[in-house]
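First subunit A sits with subunit B, and in the next complex the same chain sits with subunit C.
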Partner chain A sequence: MEASQFLSVAMQQIVNGISLGAVYALIAVGFAMVFNVLKFSNFSHGGVLGTGAYLGYLAALYLKLPLIPVLLIGMLMGGLVAVGVEFVAFRSIRKKRGQLVYFFVTSVTMLMLLEQILVIFFGASFFTYPTMIRTTSFSLGGINFTVLYLVMMAVSLLAFGTLAWALKYTKLGIAIRAASNDLTTTNLMGVNVDFIVMATFFVSGMLGGLSGVLLGMTYTLYPQIGQLVVKGFIACVLGGLGSVTGAAWGALALAVVEVSLIAIMGAGLSPAVIFAIMVAFLLVRPQGFAGVSFQEKA
Partner chain B sequence: MKKLSLLVAMVIIALLAVFGAGGAAAAEEILVGNIQDLSGPNKAFGLATFNGAQMYFDKINAAGGVNGMKLKIISYDTKSEVNEAISAYRRLCDLDKVSIVIGPPIANMGIALAPIAEGKKIPIIGLYMDERATTKPDGKPWTYMFLAQNSSGAQARTIALYAVKDLKLKKYALLYNQQNAYSVSLVEPFVAYVTENGGTIVAKETFMTADKDYRAQLTKIKQANPEAIYMPNYPQEIPLTLQQSFDLGIKATILGNNSYIPFALASNTDPKASEGVYFPYGIDPSDPKLKEFSAQYEKKFGYPAITQAFSGWDLGGAIVEAYQRALTASKKPSGDGLAAELAKTRDFPGFQGAFTISPKTHRPLGLTMYILQVKGGKPVTLIKLIPPEEK
Partner chain C sequence: MDYIITVAVFTAITTLGVLGTFVLTGLTGLFSLGQAAFMGLGSYIAALAVVKYDVPFPLAVAMAVVISVAVAYVIGYTTLKIRQDFFALVTFGFGEALRSIMDESVKYTGGAMGFSGVPQLTTPWLAFGSLAAAVWLVRNVRKSKFGRDCLAIRTDELAAQVIGIDAFSHKLKVFLLGAGLSSFAGALMAFFTTYVEPGMFGWIQSAIWIIMVFFGGRDSLTGTIFGAATLSALPEILRFASQWRVLIYCVIILLIINFRPAGLFGRWELSLENLGLKHRRVGPGIPEGKIHG
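Now for the complex of A and B:
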């Protein structure tokens, strides 16, 4: 292969990896939010993502809404479902100061429950979103870009920017950061911890709903779509559990490595190699990219 | 008192007569099992197979049934899971006591059911195209397994024949799900036919069932610069492979399988992504002879008939004819008797053509296939083909 051709193919694969990274980053950041405050891996985030995706689909199909209102509905519904999950599943464990393993088991159970609810209402068959973006792709300098992935990247950046600003400058954001540092002390300082936890779940659910709608539009809609949360979890581990920024970087790294491995050794071997790399990475740097220790966390 | 006793006795006799007659009527039913995906990702295929067979049975029942016996289908949903299909088959044989079973159009399930049917001795006739579902590794047929549409080999060789002889294509790439027996069973005969007839495979890329993004594989395929890409996949994968090929600016001819209607035309797929795609199909949708059935089907179920609905009708016909022949030998035909009669199916006038089952393979012989192309967002029939080795 000529050098210029190799470069072009390599560039295309990097673009493929980065755009896939945008998908994983949205999932990972929503996942990291809850970990930040309650210190457990919240797999119910996948169920919230799936529910948001289906509700956004209903809005697009029956209300015939354009892209932005559908995204907003997905976010709102995701937020509300996440708050519901927190109220039903996690609040009593938190009040009783339950062990972290209870949170973890409950979160997996909630993922399965939400999936099954989707199966009951929509069946296990798959659906496709109506066309919401007319132009699907374009070419620039020999590299092909998919419009939906670019939209996803833009939306991810906007969401992360807003989140970073809100966490740093708003009263609620500061309270969430305080809660993520020490929930008990924050409570002693007079902050309504129940409200902070609920707000954290709402923001995390909004990101889940947003990623659900975007994933549903980019791929197809099926009840197990929420299982993509595993990619978010891996990204969080790579990035350093507990760090929202680390989760985004972890997602990007995971996607680029994944695409590169598929290109080099094929789709059959790449999942095994990714897990092997993850194990090796954690042996060398257990705190992830961001350097936040995750010891004592489930 | 005597009169009262007499009256009670008469009432009891009358009740016994009524219920006795009822019991006899129930015994006069022919119970047919049905194992289909009725709610999972392949429910479009499962429902179509079931509906087609049910419509044939309705016609026979309306005309008095088979020797006066009505056909009754007992259905179980597999949800696209192999273990569910195995449980359903066992339940149908052991509890429901059906005499024959309509099998699923899913290769993995057909392959899993074949050895179990050897033990249960209740024949299954279905649309599992993978040849391993009907013949053993030594080439002999599984005793109780029958196929009611063209096999994956026939389908793959038909599209390969068209690509090589008519489209004169030489360089091919492959993109398929390596975890799906159906996709794998389509790829192997396609590659064999193409390479034996002067073609070359310049790229072979696979993906896993859970994967949704195939752009890494498609970028490699684009780099190999094939004239055509063969992408024989399941419904949920078809829109994604087409859209992502299009997004990467791939100009090669796309060759598909018989699931491309209606899934290549999904709402989230750019119409330009599926334009010009070629794929084989078991029926000619523009055939006026099929239009009456299609209209009745759509009126009854509220959605259009796909190829599996027509195969389901033919499958129903093969069951009824086998039962009629078996009844001449026995009042209550055994699974062995029905299997033997299914293997003798000859020239049943089905929608797929003259439907004959080969006793050597338990698969149909010489069924026609059609090559369709998506033109202007609609499938258009181009040509009718029977690969020479399928005659």
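Now for the complex of A and C:
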């Protein structure tokens, strides 16, 4: 293979990887937000993602809505489902000051529960989103750009921009950041913690619903689609739990590595290689990408 | 009757695998999202050895356990010094990696289609006997000084280290024990169902095992055995409800965690003393008081 040809193939993989990474980052950031406030790995986020994807699909199919309203519906539904999950599964544990492990166990249970609800209503078969984007791809400088991928990137950037702004400047955002720092003190300062936790779940669920719809459009829709939450989990840990930016970078790196590996050696053995890379990375840099080390208290 | 015995043996072997999760999570508070993968590793090694290389069955089972423990040593040695989340992540990655290797090695294992044609060598008595032996072993480990040192680590790692307990080496040993139990269960499973496939050992299965342990009570061996046995037999019992059964299963777990967070059994153990059949003797045991972590 000539050098220029190799370069364009490599560039192509990087572009594809970044597009996929944008969606992984949405998952990871939604995952990280709940981790920051309640300090547990929230696997129910996957269930929220799956439910959002299916409800977005219903909106696209039956209401014949165009792309943007479908995305918004997916977000809204994801947010509502996440709030529901918090109310049903996590609230009473939080009120009783239960140990973190209970949150973890409950969150995995909620993932299975939501998955099973999807199986009951939609069956175990696969669905495809109706086409919402006419042009599929165009070429620029030897690199193919898939329009859907560009949409994914643009939507993610927009979502992150809004989120960053909201966390930094709005009253609610500041309260969420305060709660991430120290939930008890935030409560003592007169902030309604129940409301903040609910809001965090809503925002996290919106990101989950959005990533669900985007994933559903790119691939196919199946009840286990929520298990892609593990991409968020991996990205989050690699990024250094406790850092939203780190989670986003972790997601991007994970996606680029995944896409390149699949291009080089096929999808089959790539999880084994990713595992090896992961172990090596953790040995070299145990604090994650961002370097913010979240200390477990004894 | 045959059906009942089949379900009972299946349940016994699963319970044996879940004991691996129980020692790990119950003694050290660590979460392994790859515990079921050790079961997979054990079953594949044993099945391969017998079917492809004509290794005698007992030796094959021993090989399965030894190799799995060696793999666990590598994973534990690299990750147990750093944070717990990393341990969860790396065990998860291990499970997925193993699954992809099983999927790809079509030539040897039949790949994603599964490995079939394993002879049925696990008799019901072997399964029940192994479970009984494992229960006895785990009970004694928990009661030993080593076991109580582990509980100290789970409750407060810093404090435990201050009084001279080597947290890393304890966690590593417990992880090896857990991997050994789960892989042993895997070897028995392969020779009972005569068929294994990579899909049986994913991270969701490991998560379900953790749920089973918490369902019965992570501080109660009796509870864990009850939880593992009930929850793994439940899908069989609820067969009539087909797709609703997972839903029912999840709702039951949510109710338990919400209303009885210490698990159904809490810290209660089945023993002659607790049944009032024998007077309690004073001596070493797990001290009363709160265990956290």
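We take it that the second predicted complex is superposed on the first by the 292 of 298 C-alpha atoms of A that agree within 3 Å, B and C clash if a C-alpha of one lies under 4 Å from a C-alpha of the other, contacts with A are read in each partner's own complex, and residues count from 1 in each chain.
In this text, a residue touches a chain if its C-beta (ideal position, glycine included) is under 8 Å from a C-beta of that chain, and two chains touch if they have at least 3 such contacts.
Quantities reported herein were computed from a predicted structural model and do not represent experimental measurements.
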First (subunit B), second (subunit C), both or neither touched by A:A89: second
Which of subunit B and subunit C A:A22 touches, first, second, both or neither: neither
Subunit B versus subunit C as contact partner of A:M217, first or second or both or neither: first
Contacts of A:A263 with subunit B and subunit C, given as first, second, both or neither: first
Partner chain(s) touched by A:V9 [first = subunit B, second = subunit C, both, neither]: first
Partner chain in contact with A:M112 - subunit B first, subunit C second, else both or neither: second
Subunit B versus subunit C as contact partner of A:T128, first or second or both or neither: first
Touched partner set for A:A178, first subunit B, second subunit C, both or neither: neither
Partner chain(s) touched by A:V229 [first = subunit B, second = subunit C, both, neither]: neither
Footprint overlap on subunit A, comparing subunit B with subunit C: 119, 227, 268, 271
Contact set on subunit B toward subunit A in their complex: 39-41, 43-44, 79-80, 178, 205-208, 210-213, 215-217, 219-220, 223, 235-236, 239-240, 243-244, 246-249, 266-270, 273
Residues of subunit A touching subunit B in the complex: 1, 5, 9, 12-13, 16-17, 20, 23, 119, 123-126, 128-131, 136-137, 139, 144, 146, 217-220, 222, 227, 258-260, 262-263, 266-268, 271
Parts of subunit A lying in touch with subunit C, wherever the complex brings them together: 41, 43, 88-89, 92-93, 96, 98-99, 101-102, 104-106, 108-110, 112-113, 116-117, 119-120, 227, 230, 233-234, 237-238, 241, 268-272, 274-276, 278-279, 282-283, 286, 294, 296, 298
Residue ranges of subunit C in contact with subunit A within the complex: 29, 31, 78-79, 82-86, 88-90, 92-94, 96-101, 103-104, 156-159, 203-204, 207-208, 210-211, 214, 218, 243-244, 246-247, 249-251, 253-254, 257-258, 261, 292-293
